[in-house]
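Structure provided below as structure tokens; questions to follow.
The letters A, B and C name the chains in turn, as written, and every chain counts its residues from 1.
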Amino acid sequence: MSQPDFSHDGIRTARGTAFRYLFMLCALLSILTTVAIVATLLIDAIDFFATVSPVEFLTGTRWSPTNDPVAFGVLPLISGTLIITLGSALVALPIGLLTAIYLSEYASERRRAYLKPALEVLAGVPTVVYGYFALVYVTPALDTILPLSTFNALSASIMVGIMIIPMVSSISEDAMSAVPDSLRQASYGLGATKFTVSTSVVVPAALSGIISSFILALSRAIGETMIVAIAAGQTPRMVDLTDPAGMFLDSIQPMTSAMVQIGTGDIVGQGAAYKSLFAVGLTLFVITFVMNLVSELVASRYREVYR
Amino acid sequence: MSRDTTAPLPTGLGRRDFLAAASVALSGGMAGCAGVFAEEGNQVNIAGSSTVFPVTEAIASAFSEKNPTVNLSLSKTGTGGGFGNFFCAGRTDINNASRAIADAETEQCGENGITPIEFQVATDALTVVVNPEADWVDCLTVDELRDIWRAGGAERWSDIDEDWPDEEFELYGAATTSGTFDYFNEAIIGEEENHRSDYHATERDRTIVQGVQGSEYAMGYFGFSYYSENPDSIKALSIDDDGACVEPSIETAMSGEYTPLSRPLFIYVAKESLADPAVRDFARFYMERAATDLVSEVGYVPITEDQRDENLAKLDEAIAEVTE
Amino acid sequence: MAADTQEASVDSGFGQISRTKDVAFRLLALAATLIGIVSLAALLLNVAVDAVGWLDWGFLTNPPHPNPNNAGFLPAIVGSIAIMIMIALVTFPLGVGAAIYLEEYASDGYLTRFIQLNIANLAGVPSVVYGLLGLGLFVGLFNIGYGSVLAAAFTVSLLILPIVIISAQEAIRSVPDSQRQASYGMGATKWQTIRNVVLPRAMPGIMTGTILALGRAIGETAPLIMIAAPTTVFGVPNSLLSKVSAMPLQIYNWASYPQTEFQYGVVAAGVVTLLVILLTINSVAIIIRNRYQQRT
């Protein structure tokens, strides 16, 4: 917006000003939305923390909002979320990164033209459909080779992983495309192969963009709701550190899935069990908000470096 | 309206008021674009028990084919959730219930000016199911069932009978807010013991079917309809109440042999809602169809024609009162 | 990896090995690119095969029913479309307005950067959290009814608004500055310039972005669950305060029905219907984009 402004708002102001403020109101709506989200979550979360201490909530290792004896420890839910995030990261990060390298360094213009939209489709499929796929196709297929529960973290995290591949690949690819060609040419000049150039020059140079894409994708995995609500089960459990792989074979419950369970009317009245919905929601919001912010800050670094 | 009598769904009153100021622009912008707020009409709202859900769904579907302009909504919330959050808060016209309304709920309804009228619409047989591979067990006594499902009771199959596998139970049951839970708790566990809490609790009967299908050592319980739809993939246990094993079936439930796990299912209609012609028509349609095959097709025992006539008389009386 | 470079340049034998590695890596990267697409294609094939025999005229025109053979999708389809139209009416003016402000009016100051960062962040807030917002704000504060058309539309509107704003901004930014200056040169005011020059040029891009965002909206389930949208609806919405069901919500609920005919039949038919409608919406967006690209 630094170009000289030759507009004549000064002459015919009334309508121009009116529109200016109308549009500004629209833009400010986004800030209002954020304020409303925080307020909605806080009001009921504060109510909740009046009955259950934040320490108990954040350090408790048992989540049982309705069954006696009730307990509101969020750690089992965070454990569940971590399992899903870890599983989907194992799927999406390497695949997404390799995809980005292929698209940016290897693929011809024509091939890129149909591969990119095809990849975007992965992110466009409604999550309820992925959840259904996980439950009725992926789980039975994997069950033939693994001792899987009907509801398990494995199929759910694979599906979440596939869903977030395009997030990793498109943002990473943007960062790689922004790496100046001179760096590549210099490397080829030294006799490097394309493999070396990709892994030793382009990836390090685009690292902040890649990391930003990783964080953003994982934040999306953490907030993913329907896939886990349908396929991952409703058993809040702490991570068993002696057998972390076993966690994947069994039913778990991430934060989002617990929210759906409370939200679907299993709970009567305005008690702590209902308010816990907002406390969990607040926790989820804070985690994803911080991750998105960090991702944005990391990303803005690479933009500045190569602009 | 005190906070206790209202639903989890927040009401528009009270402490959120300060949010209002911040939100005026938000709503203003949206309402402006939203066009005209139409009158609510031709609308019947139903919530409540997931056990009664299939009956109401079948009847609503038949009703909808004849009355396509009526918007009829049906939510699965559990009996208690339906009364507490929707029906007695004045949000729904009808509540599906797998048990009779509780005193506290009647009171809550009364405070909000809602008069619930009870109609029995079917009979259900709670069914205890295991995996078909579990060939060691066909029948359990009420005492054995209690031992499996009470807190601090048996943990492994071998705890019940030494000849049975030395494996832990994998238990699937109803969530605590559901009428199914209340009923099982009352009929099997009794007042002296507590229902255990370390089982897979769910409102979704499908989850129980899937869970039991998935493990040889699993056990679950739910309404008979869910079993009757999956007779091959899971196995129903006979129940021994007083010396003889009785298998769950429409016949044994109707004859009263299948004790203590057969129970009546209800719908509750808000008398005040009967002033609305759509609710009135639907309620009458429901009562007429509850005595037909529509009910047995979804796996429940229909009411007798005498019961139907009684229901219709009760309904007409209530309608006469509100439409005077 | 730096060692590879040296080896390659020092000794041709190692260079040979590197080239093998190069080919292997290229294939690995290609495989990674394809694996997601191929998996999804396999799943779609599965669901399409399962839907055969279930997806028929009766399914599209009947109300739901506990018997899988009679179960229909009509109220969910109509509900989804009703919600989508409302969302379009809400998000289009608001999104375009915000984008015009940010691109044409706002100075590059602290407030603008803050708004911009905030919009980017809102786009990353989990949809289930928007559901809680809708529950608190529209169902609670404004009391427009649990699970009503309005409550559902407003909630999902807030969810996709950031996406609409960002894509509208990109469209407006792509209008060459020379055209604005030419308009000013002829004595037009800022508003006249926006209305007569910027918006007409940016409109195809804005439309494309908005329609794609509507595609996202039509697949959302979690926010509808949180505002207590009913499990099943019969009949069609007859007012903005009618309770509403939507395709993804009905799919979610059917997926919990016990009969395998639902799991591998009715739900599959629902999934295919949803995906076909989604595909149609996105095709419209792509057609608009392609026409626009040809003209410029």
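Some observations on this one:
The criterion applied here is as follows: a residue touches a chain if its C-beta (ideal position, glycine included) is under 8 Å from a C-beta of that chain, and two chains touch if they have at least 3 such contacts.
Predicted model, so just to flag it, every value in this text is computed and none were measured.
By the count of C-beta pairs in contact, the leading chain pair is A-C.
For subunit C, the chain with the farthest CA centroid is B.
One finds 16 Å separating the Cα centroids of subunit A and subunit C. Centre-to-centre, using mean CA coordinates, subunit A is 36 Å away from subunit B.
In subunit B, the residues touching two or more other chains are 10, 16, 19, 23, 26, 29, 47, 75-76, 86, 207. Contacts with at least two other chains are made by residues 25-26, 28-29, 33, 36, 39-40, 43-44, 264-265, 277 of subunit A. Residue positions of subunit C with contacts to 2 or more other chains are 93-94, 135-137, 228, 255. Contact residues of subunit B toward subunit A in the complex are 3-4, 6-8, 10, 15-16, 19, 22-23, 25-26, 29, 47, 75-78, 80-86, 175-178, 194, 197, 200-203, 207, 210-211, 213-215. Chain contact summary for the complex, subunit A toward subunit B: residues 25-26, 28-29, 32-33, 35-36, 39-40, 43-44, 64, 66-69, 149-151, 233-235, 251, 264-270, 274, 277. Contacts from subunit C toward subunit B in the complex involve residues 62-67, 70, 86, 89-90, 93-94, 135-137, 139-143, 145-147, 150, 153-154, 157, 228, 230-243, 245, 253, 255-260. Taken in their complex, subunit B has these residues touching subunit C: 9-12, 16, 19-20, 23, 26-27, 29-30, 33-43, 45, 47, 53-54, 57-58, 60-61, 63-65, 67-76, 86, 91, 204-207, 209, 226, 229-230, 233, 297-298. Per the touch definition, subunit C reaches subunit A in the complex via residues 1-2, 4-5, 8-9, 15, 18-19, 21-22, 25-26, 28-30, 32-33, 35-37, 39-40, 43, 46-47, 93-98, 100-102, 104-108, 114-115, 117-122, 124-133, 135-137, 158, 161-162, 165, 177, 181, 184-185, 187-191, 193-194, 215-216, 218-222, 225-226, 228, 248-249, 251-252, 255, 263-264, 267, 271, 274-275, 278, 282.
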